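Consider the two complexes below, in which subunit A is the common component and subunit B and subunit C are the respective partners.
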Partner chain A sequence: MQDLVQLLVSGVALGSVYALAALGFVTIYSATGIVNFAAGQFVMFGAMFGVTTVLQLGLPMPMAILLAVAMMGVFGFLFYLGVHLPLRTQSPVTVVIATVMIGLSMQNGANLIWGSVPFRLPSPFGDGTLTVFDSAISTHALASIGITAVLVAALYVLMQHSSLGRVMRAVAQDFPTARLMGLPVGLLLACSWAIAAVLAGFAGLLIAPMWFADAHMGDAIALKAFAATIIGGFGSVPGAIAGGLFVGLAEILGASYISSAYKDLLCFGAMVVFLVARPQGIFGEPISERG
Partner chain B sequence: MTNRKLLLKLVSASLVAIAGMPSFAQSAIEIGATVPLTGPAALSGTQYHNSLRLAEERINKAGGINGKPIRFVFEDAQSINPTALNAFMKIVQEKKPTFVFLSSYSTQNMAVAPEVLKARVPVMYAGGADALQALKNPYMFRIRPADSTAAVAMAQFVKGTLKATKPGIIYIQNDFGQGAAKAATKTLADAGIAVVASEAYGGNDKDMSAQLLSLKNKGADAIIALSFPQDGALLLRQIKTMGLKQPIVASSGVFLPSAMQLMSAADLENVWGVIDVMLETNLNATSFVKEYKERFRVDADAYAAVYYDGAMILADGLRKVGPDPEKLRDYVARVKNYQGVAGTFSFDDAGNGIHEVTIVNFKKGTKDMVFVSKVVATP
Partner chain C sequence: MNKKNAKNASLILALVLSLGAASLLPNAVGEYWVRLTNAALISSAAVLGLNFVLGYAGQISMMHASVAGMGAYAVAIGTVKFGLNPWLGCLIGMATAGAFSYVTGILLLRLKGHYFALATLGINVSFIIVVSNLVEITGGSNGLTGIPALTILGFAFDSERRFYYLALVAVVLLAVFASYVRHSQLGRSMIAVRDDELAASVSGLNVTAVKVTALTLGGVYAGVAGVMFALHARFVAPEDFSTSTSIVYLAMLVVGGEATILGSILGAFVITFLPEWLRWLGSAYLVIFGLLVLLMLFLAPRGLAGLFGFAWSKWKAQLSSKEAGKWRFSK
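Right after this comes the complex of A and B.
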């Protein structure tokens, strides 16, 4: 029983981080139709910005976190200006290749800036553990679950109940009409990128104390976030969360009860099954033409 | 049209300049080195990139090879097999060196081995997998203790000193981990001890809680941890987070400086290490360690040390028998009891140069490494 509690909490904590990374991915896809293959590197940048503000600049933790998140927001905005804007008239394949290339550049750039030695980012919630039902749960894992829930709720409130969210959804639904109605579409698209970058940044800051931060951490996260998006439903926000939790739980529970050597097969196997049997994922809508 | 002409002129000018360059280097003896300079493997690669450059400086400062300078030509082996192979082929085809240093990754060394045989150039490598000595490639010389040497020492320590009767093994799923786990299991079995659990995790995994729980539930009273640096640091930390109190015997990777800086003193409690060499206590290493730190601002690790020794052995060979690949091969094969920075080198028939490991643990409450004993494997 205590094993199950420990494994469930680990699985949900891991799944929450994957869900945040997948949310960053989905936010961009819903708003712009772009599949951002640099999503994993966004998460890595979030972690590395945290390394700079917390470890290298030595700022007090709350300020350091806020600064790292703000830096991610600015980075998202710059990404829009430097990558999306010049390529907005190109074919989707061109944009995909561009994001792959940017992803590689980000990874190697991070290697040059921060070096290849990994960093240990301390958790803002300390290294302690709580004993629940006889099993040791780290406070950081519990806090990760809590923070993800708060961020998802905040995103929901922003998108559904604020005027900014309303106009962002308008741009996502029908770009030409939104433009004709005089909405500042460029600014709103930039907001989408900034929000996606901030979500990825939180994912990076939450995962770095668990995993250590280094320039190469993005690849593993990107693959799992991608699988989470496909399983949950491409373009769906509840799908990203469900997919992320599923992938996290499958990884942890599968390793324990089925096989530790083949646990990745379980998660990617599930992804393949979904692609074959139900391509729209758990929550997605059946495939339709994007305007 | 003018732009085109200008471009053509620039290209031909630079071609002439490049063609002219080799004339500076012709007089130096060129030694190849395929070292991971980028990617995750660069964590270790940088260490021996540094020490080989340090060796080059020291050799040349001492008069070079009978008056001629030596020059290491580096190619980036990166972190996967195809790039390591390409790096080796490039050096062999372009420079035709009399000797090459390979990387420290068994999987890369295995990939390059057939080409080494074809090119008939002697190489030194630091990958530890037993599969490498099974190749019986006469041109390959290992300058680190083989993984099986370390694994056997770990198993003997678990039985002899820790007196564990139900050990569990957790290992990284690759050539190193699998090979070492097999060697440790066999040593324990020969001594009449059955391993209660043997769990694997992937190199990129960040959560080993499932595997650790399995070890706990199967009643392991000691844990043998076979890992690479970064995952090893994660593993040791998670062992403590999960409240496991068993003594841990860990392989050398997790005690490299790059991994040590990721752990706290609490993570190292009740942890024993089987490492290649403890540079701090090796008297032969003092000036090397000091000069390395001054030059490169980071602490030298065991990899830096062994490649440095390899370069020095090579320099001796070059001075005695000249830059002939076959003669160098025979020279290295006959090296016995060379006292290096990293230990005593004596190359055996399988090409293994080092046959000793060091057992360490840590002063309670600190990350200070304490020498426990040196284990010399019977060749």
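Right after this comes the complex of A and C.
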């Protein structure tokens, strides 16, 4: 029983990180239609910015985290200028290959900047544990779940109940009309990229204390985030969260009850089953054709 | 008609001359360059296969390396564990890769665009997980060693130079067959599906069948590449068939020129030799590599083959301004 509680909490904590990564991916997909295959590298950059501000600059923790998140926002903005603008008129095939190649360059660039030795990023919440139902739960896991919940709530309020969110949704729904109405569409799309980058940055900062932080951490997270997106429903925000939690729980429970070597097959297997049997995912709209 | 015959004759002459030059090549360069050329020829076979899938049928497959891996592991397991003749192993490897692609196609090809790309990415990752963990059968991450060399009448293709001729013949045959398919009804159907799926299906094409055929054909080509890889290195290990290899195959096709046979081979060669030419960049190489492919994508979407075609058309335009308007890049 105490094992199960412990596993459930760490599964949900890992799942919330995947959900954040998937949310960043979905934000871009619904705002711009771009399928960002470099999404995992965004998460890695978040963790590595944390390495710079926390470990290398040695700033006080709250300031270091804020600075790392702000750097992600700026990075998202630059990504809009450098990648989104040239990609905007390209075919989907070109977009996929281009973002794959950008991901490759980001990964190897990070390898150049930060080296190939993994970093141990400390948790902002310490290494303590709490005792719940007789089982030891790490504070970092609980805090990860809490922060994800706060971020999801903030994203919901921003998109549904603020004027910025309203115009951003307008741009996502109908780009030409939004432009004709005189909205600053470029700036709003840049905002979407910044928001996505910040969400990915949080994912990176939260997952780095669970694992190690290095230039190659992005691929594994990206694959889980893609699987989460497909399982939950492409382009759906509740879907990204449900999918992320599913993938995180499947990974942790699968590793301890089934096989730790094959734990990842569970989530990719589920992804393929969903793609074949229910391509719209749990929360997606039923569309006969996808692409 | 006469003009066409003359053109064909000159084309054949050019081919014979370049093949003649190619057959002398191993004597002119060092062992290391022959080894690289062999690697490029093996990649050419894989990229020619990817060209059916992405270039003609327009489907982004990110599992191409795992299909080649199916072929490589089939021949490795067949020869090492069951002591099969390597030639029989080759056939089994090609068939395994083709069957794997066929089944994947049946399951996944109703998906389009990035859905298919994500699904195939998942398949490649799963392939690596399975191969790395089935230690008794695949040797796990240590791989399988002791794959025998191919022999014809006692002549073993066991050195770089000897293997080169085998690989050259294989790639020429694959390219000729690819050209035949391109100009057959099947080739035209694939391009129709790529250009406008709805129009193709309204015209009576079975879109899914065409896509599955393209994927299976591409799978057999990848199988040939995998079999060649196993019999060249005489060793297989999971990391050679990971998603990053699939991405390299995509990059080769994009750089060489999507939907051209010459471009597929050109891309395989350029990207195999690029690390040698850019050795002075040191560890920055992979960063530059990604950006180069990106630049190619934006500035020359038809790849190197397109650039050469463009230069060729300019040159011809100077010769006769009349014909310039007629020239079209053949897709």
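Here is the rule we use: the second predicted complex is superposed on the first by the 287 of 291 C-alpha atoms of A that agree within 3 Å, B and C clash if a C-alpha of one lies under 4 Å from a C-alpha of the other, contacts with A are read in each partner's own complex, and residues count from 1 in each chain.
Methods note: a contact is a pair of C-beta atoms (placed from the backbone, for glycine too) under 8 Å apart; a residue touches a chain by one contact, two chains touch by 3 or more.
These figures come from a predicted structure and were not determined experimentally.
Asks: Would you sort A:256 into first (subunit B), second (subunit C), both or neither based on which partner it touches?
Replies: first
Asks: Thinking of the overlay built on chain A, is A:161 touched by subunit B (first), by subunit C (second), by both, or by neither?
Replies: neither
Asks: Between subunit B and subunit C, whom does A:100 touch in the aligned arrangement: first, second, both, or neither?
Replies: In the superposition, A:100 touches subunit C alone.
Asks: Have a look at where A:129 lands relative to subunit B and subunit C in the superposition and call it first, second, both or neither.
Replies: Only subunit B is touched by A:129; subunit C is not.
Asks: Could you look at A:264 and tell me whether it touches subunit B, subunit C, both or neither (first, second, both, neither)?
Replies: A:264: touches subunit B and subunit C.
Asks: Of the two partner chains, subunit B (first) and subunit C (second), which one does A:111 touch, if any: first, second, both, or neither?
Replies: A:111 sits against subunit B and subunit C alike.
Asks: Who does A:14 touch here: subunit B (first), subunit C (second), both, or neither?
Replies: first
Asks: Please identify the positions on subunit A that touch both subunit B and subunit C, taking each partner from its own complex.
Replies: 108, 111, 219, 261, 264
Asks: Contact residues on subunit C for subunit A in the complex?
Replies: 54, 58, 60, 107-108, 110-119, 121-123, 125-126, 129-130, 132-133, 243-244, 247, 250-251, 254, 283-284, 286-287, 289-291, 293-294, 297-298, 301
Asks: With touch defined as at the start, can you tell me which subunit A residues reach subunit B in the complex?
Replies: 3, 6-7, 10, 14, 108, 111, 116-120, 127, 129, 136, 138, 207, 210-212, 214, 216, 219-220, 251-253, 255-256, 260-261, 263-264
Asks: Across the complex, what residues on subunit B touch subunit A?
Replies: 38-40, 42-43, 46, 173, 199-202, 204, 206-207, 209-211, 213-214, 217, 230, 233-234, 241-243, 258, 261-264
Asks: What does subunit A use to touch subunit C in their complex?
Replies: 35, 37, 86, 90, 92-94, 96-98, 100-105, 108-109, 111-112, 219, 223, 226-227, 230, 234, 261-262, 264-265, 268-269, 271-272, 275-276, 279, 289-291
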